[in-house]
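In the two complexes that follow, subunit A is the common piece, with subunit B as its partner first and subunit C second.
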Partner chain A sequence: MADIVLDKVSKSFPDGTVAVQDVDLEIADGEFVILVGPSGCGKSTTLNMIAGLEDITSGELRIAGQRVNDKAPRDRDIAMVFQSYALYPNMTVRENMAFPLRLAKLDKETINAKVDEAAKVLELVPLLDRKPANLSGGQRQRVAMGRAIVRQPKAFLMDEPLSNLDAKLRVQMRTVVSRLQKQLGTTTVYVTHDQTEAMTLGDRVVIMRGGAVQQVGPPQELYDHPRNLFVAGFIGSPSMNFLHAAVQDGSLHTALGEVPLGDRVRRELEAADAPRELILGVRPEHFEDAELVDEDTRRRGLEFEAPVEIVESMGSDKYVYFTVEGERASAAELEELAADAGAGDFAGGGGNLVTRLSAESPVVEGQSRRVWFNLEKIHLFDPTNGRNLTLHEGRAAGALAD
Partner chain B sequence: MAVETTTRAKLRWGLLDVLVIVFAMVPVLWIASLSFKTPATLTDGKFFPREWTLDNYKTIFDTDQFVRALINSIGIALVATLVAVVLGAMAAYAISRLDFPGKGLLVGVSLLIAMFPQVSLVSPLFEIERQLKIFDTWPGLILPYITFALPLAIYTLSAFFKQIPWDLEKAAKMDGATQAQAFRRVIAPLAAPGLFTTAILVFIFCWNDFLFAISLTSTERSRTVPAALSFFTGASQFEDPTGAICAAAVVITVPIILFVLFFQRRIVSGLTSGAVKG
Partner chain C sequence: MSISATPTGANTAVEETRRQTTVPTQRGGRRKPPLSENKKAERRLGWLLCAPAALVMVAVTAYPIIYSVWLSLQRYDLRFPDQREFIGLENYVTVLTNEFWWTAFGVTALITVVTVAVELVLGMGLALIMHRTLVGRGLVRTSALIPYGIVTVVAAFSWRYAWTPGTGYLADLFSDGAPLTERASSLAIIMLAEIWKTTPFMALLLMAGLALVPEDLLKAASTDGATAWQKFTKVMLPVMKPAILVALLFRTLDAFRVFDNIFVLTAGGNETSSVSMLAYNNLIRGLNLGIGSTMSVLIFITVAIIAFVFVKLFGTAAPGSDDGERR
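What follows is the complex of A and B.
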């Protein structure tokens, strides 16, 4: 067990592309850290550099206080679980799990004892004599994990280990991974492109974009206090709504009405280089049916009326999609998020508004509805660089803060 | 309706198969039939010998010439196959895994060698081998065989290596293997079908070669069977050697058949299934 420190680690390829840029990250002993981001953000490259499968162009990587930049993977004493599982097809499950121990030249009895123990933890005992070809996807995944835990390495690296499983199994295996990590207390770095996995699994989440770290923090902090537009849009499902907003005489003109501004945000906007156009971000759960909001809360927010497009009843609450007029919010970050989501027009990109209202709301498709939203929870972003203007000392305080 | 179509399709394919087999087998069976005929009935034009005899086989194994050539053939072909497969495996592995400068050139040149007309190399090789004093020796044949078998080996093997998921090798490295261990214990066993296929192809190429065998040898010391056959005289100089040549031809096809049968069991397709998401 050990801590892992990345000190200004960069990776560039001979053709000049920079895959990872100055990543600074300290992973404490026993911590579960998730690297997340859209494809091509450098998260897998970062993991491979920690593993030793890719060279580090510049910067320093330390495992347990020791510089390991030039060490071969086998000298780093870390285990890795691959997205493809990478089980050796010519070996049985037992031989697969024993492989790292045999390479470490342990005696037969110790090897057998360790394999049996790991197999018991992962409920693989009845499968030990089978070949990988005769296992289901979930079983293969467990064998791959077994092979990683069997030699008690300093750290686990997991490269999208669950993305080849079907949805139901993925949720199951998520808890298995989580329990296993807590049980063993081994430092773990986990790469995923799935923000749900990132939110549910890790102690801390590292969001990457274009080879650079965007924000590092516990999942809830990233959710509540996103540092920039990209983090705000990436974390959360359904994702945050983004609307175009124009600054005019100390208030904001948006498709949802005139948003009043508190002193703090106003001061930011008084600076000479302050942007005249902003992007307003509101999470779906910060909307509520205006009828269901009491007087006290009502004062902290703003109301607007819009036609209801679609109602999705989830039982516990309702996802209601509104059509709002007005200019689309546009920024490089939003386009990237849209491209990653595989959709030409991103749900939060304007036009459609996703809200999460109480189940009691009598909202009907095709009719207009008055909706309230919480001004203390909204975010304002600078479209040129994506910075969150409502963030003060790492805390997002909404638009009204003084 | 569907059953009818399948029966008819089966019949059609069956007929086609029989045609192909007959086309391929008739000359071979004819040779076999000739090898069992007595000198008197050799030219009677009958497919089945009227009088069966094993004299022809006795004759060839009685002469030292043939036995010696058989030993040469087996030895030279085995050594050349072994070296070509080992070298080819290493080259193919590098080609399929690494991106090194001159890779395209290497692949191109090896293709060029494979296509080069061998006959135009015979006289230069003859001169070179005489100078190097390896003319009419085993190495004198093994070296050119390796040269011409290598491109074949590299091509077949790199196709096989490319099919093996790279993740397996990474996993082996993470599990504590050196590059050599990863290759020997993970990659090579998976490439085994490819290695055996290549070995068979190279062996057959060496075994069947006549051009180099006849031009780069001069005595029984290193003459292989195809070359020795052309010097065959039979029991005495005045005898018609056709029967003996046929017997020898039958004998030299036997190792090839054995070789293929032996390795065929190991050429199991789908050996890699289950390695990665299947």
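What follows is the complex of A and C.
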């Protein structure tokens, strides 16, 4: 077990493309860190550099305090789990799991004992004599995990290990991974493009975009206090609503009405180079049916009325889609996020707003409805650089803060 | 070989044992379920689609094979056509007790074993180079394939001239006699010419096999602690095994029928005849259709045995299957 430190680690390819740029990251001993981001953000390259499968162009990588930049993967004492599982097709489950131990020249008895123990933990005992071709996806995944844990390496590196599983199994395996990591207490770096996996699994999440780290923190912190537009849009499902907002006389003109501003944000906007146009971000759960909000709460927010387009009842609550007029928020980050979601060329319903209302709300599709939203929970972003203007000392404080 | 996600769900140990007890495993009862109507129709269509090709094959291969078997059972020498007679297996006895046949057989076997072994090693090296080359990949591949692109007879002639004292640069460089007039050196030159010419073909077949090795598998082996050599022997070779066997089969069958290089380089002199050469000499030059056909049939049988052994090997060694059944 060991800590892993990335000190200004960069990777550029011979053709000039920079895959990873100046990544600084300190992963504590026993920590579970998730690298997350859209495809091509450099997360897998970063993982491969930790594993030693890709050369580091500049910067330093230390495992357990030791510089390992020039060490071969086999000298780093790390174990990796791949999306494709990468099981050796000619070996049985037992042989697959024993492979790293055999290479380490352990004696037969120790190998057998270790493999049996790992197989027990992962419930692979009845499958030990099968070949990978005769296993289901979930079983192969567990064998790949087993091959990683038998060695008791300094760290586990996992490259989208659950992405090839179907949705139900993925949720199930998520808990398996989580439990295993806690049980073994081994430092783990886990790469995924799925923000749900990132939120549920890790102690800390590293959000990457275009080879650079956007924000590092515990999942809840990233969710509540996103440092920029990209992080805000990437974390959360359904994702945050973004609306165009124009600064005018100390308040904001938005499609949801006039948003008053607190002193702090106002001061921020008085600077000479401050943007005149902003992007307003509101998470779906910070809306509520105006009828269901009591007086006290009502004062902390703002109300607006809009036609209901679609109601999706989830049982516990309702996802209600509203049509709102007004300009669409636009920024490079938002386009990138849309492209990653596969909707880059699909404008969808224009200024649609996703809200999560109480199940008791009597909303009906096609009718207008009054909706309240919490001004203390909104975020304001500078569209030119994506910065979150409502953030103060790392905490988001909404629009009204003094 | 492809590792695909089979969405059957993760089975717990309990479920797994239950499944095993209720469903008879492939290993246990090998009873195939009866075919459905749909499957039967599909199979019929398959046969129909194969039929034209199969008929052509019968016309151009089955007939000559049967005819030469028929000839091999007769005393039939074109110089004495009157003495044509059905003599059963007498020709086979003649050939198989003949010292020339066994010498030629030995020469052929030697050429086959040595050339295929050397080609496998060199071809693997060449394949790895071609597979790994990043810059000038096209140039490397093209230049590696040039020997294979040259007509064998032309190449053989250039080897012959090169080894002819006085005119050839190799002869002057490496020996003071005439290497193509001595048995050992002749055989060595024949094998050299064969290896030079067909290594690229071997490399091409092996490169196809290399492409079958998933990148992730090698990465996994690296992190599991394998050295480059261990990755090659423990991961790449087993995965490539079917491709290697195919390459070996093709080359062994080819090498066993070696003819043109010997024909040009020594014309079979100094006991360097291969079995094909011997059959040619008896059949075409000696006009002895009976003996010549007998030799052809014997070559055919040997080649068939080699193929059979190889195919049997495939059946038991397909990676990723427990009992070697085709999937």
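In this text, the second predicted complex is superposed on the first by the 395 of 402 C-alpha atoms of A that agree within 3 Å, B and C clash if a C-alpha of one lies under 4 Å from a C-alpha of the other, contacts with A are read in each partner's own complex, and residues count from 1 in each chain.
What we mean here is this: a residue touches a chain if its C-beta (ideal position, glycine included) is under 8 Å from a C-beta of that chain, and two chains touch if they have at least 3 such contacts.
A quick note: this is a predicted structure, and the numbers were derived from the prediction, not measured.
Superposition of the two structures on subunit A leads subunit B and subunit C into a clash. Looking at the superposition, the partner that touches the larger set of subunit A residues, subunit B or subunit C, turns out to be C. Once chain A of one complex is fitted onto chain A of the other, the partner contacts of A:P100 extend to both subunit B and subunit C.
With both structures placed on the common chain, the touch criterion links A:M314 to neither subunit B nor subunit C. By the touch criterion defined above, A:N164 reaches both subunit B and subunit C. Contacts of A:P89 after superposition: both subunit B and subunit C are touched. Of the two partner chains placed around the shared chain by superposition, neither subunit B nor subunit C is touched by A:A271. Of the residues of subunit A, those at positions 51-53, 72-74, 78-80, 82-90, 99-100, 103-104, 131-134, 137, 140, 147, 151, 157, 164 touch subunit B in one of the two structures and subunit C in the other. On the subunit A side of its complex with subunit B, the touching residues are 51-53, 72-74, 78-80, 82-90, 99-100, 103-104, 131-135, 137, 140, 147, 151, 157, 164. By the touch criterion stated above, subunit A contacts subunit C in their complex at residues 48, 51-53, 72-74, 76, 78-80, 82-91, 99-100, 103-104, 123, 125-127, 130-134, 136-142, 147, 151, 157, 164-166, 168-169, 172-173. Within the complex formed with subunit A, the residues of subunit C that make contact are 1, 3-13, 16-17, 20, 214, 216-217, 219-227, 230, 234-235, 238-239, 241, 319-322, 327.
Only residues 165, 167-168, 170-178, 181, 185-186, 189-190, 270-278 of subunit B touch subunit A when the two sit together in their complex.
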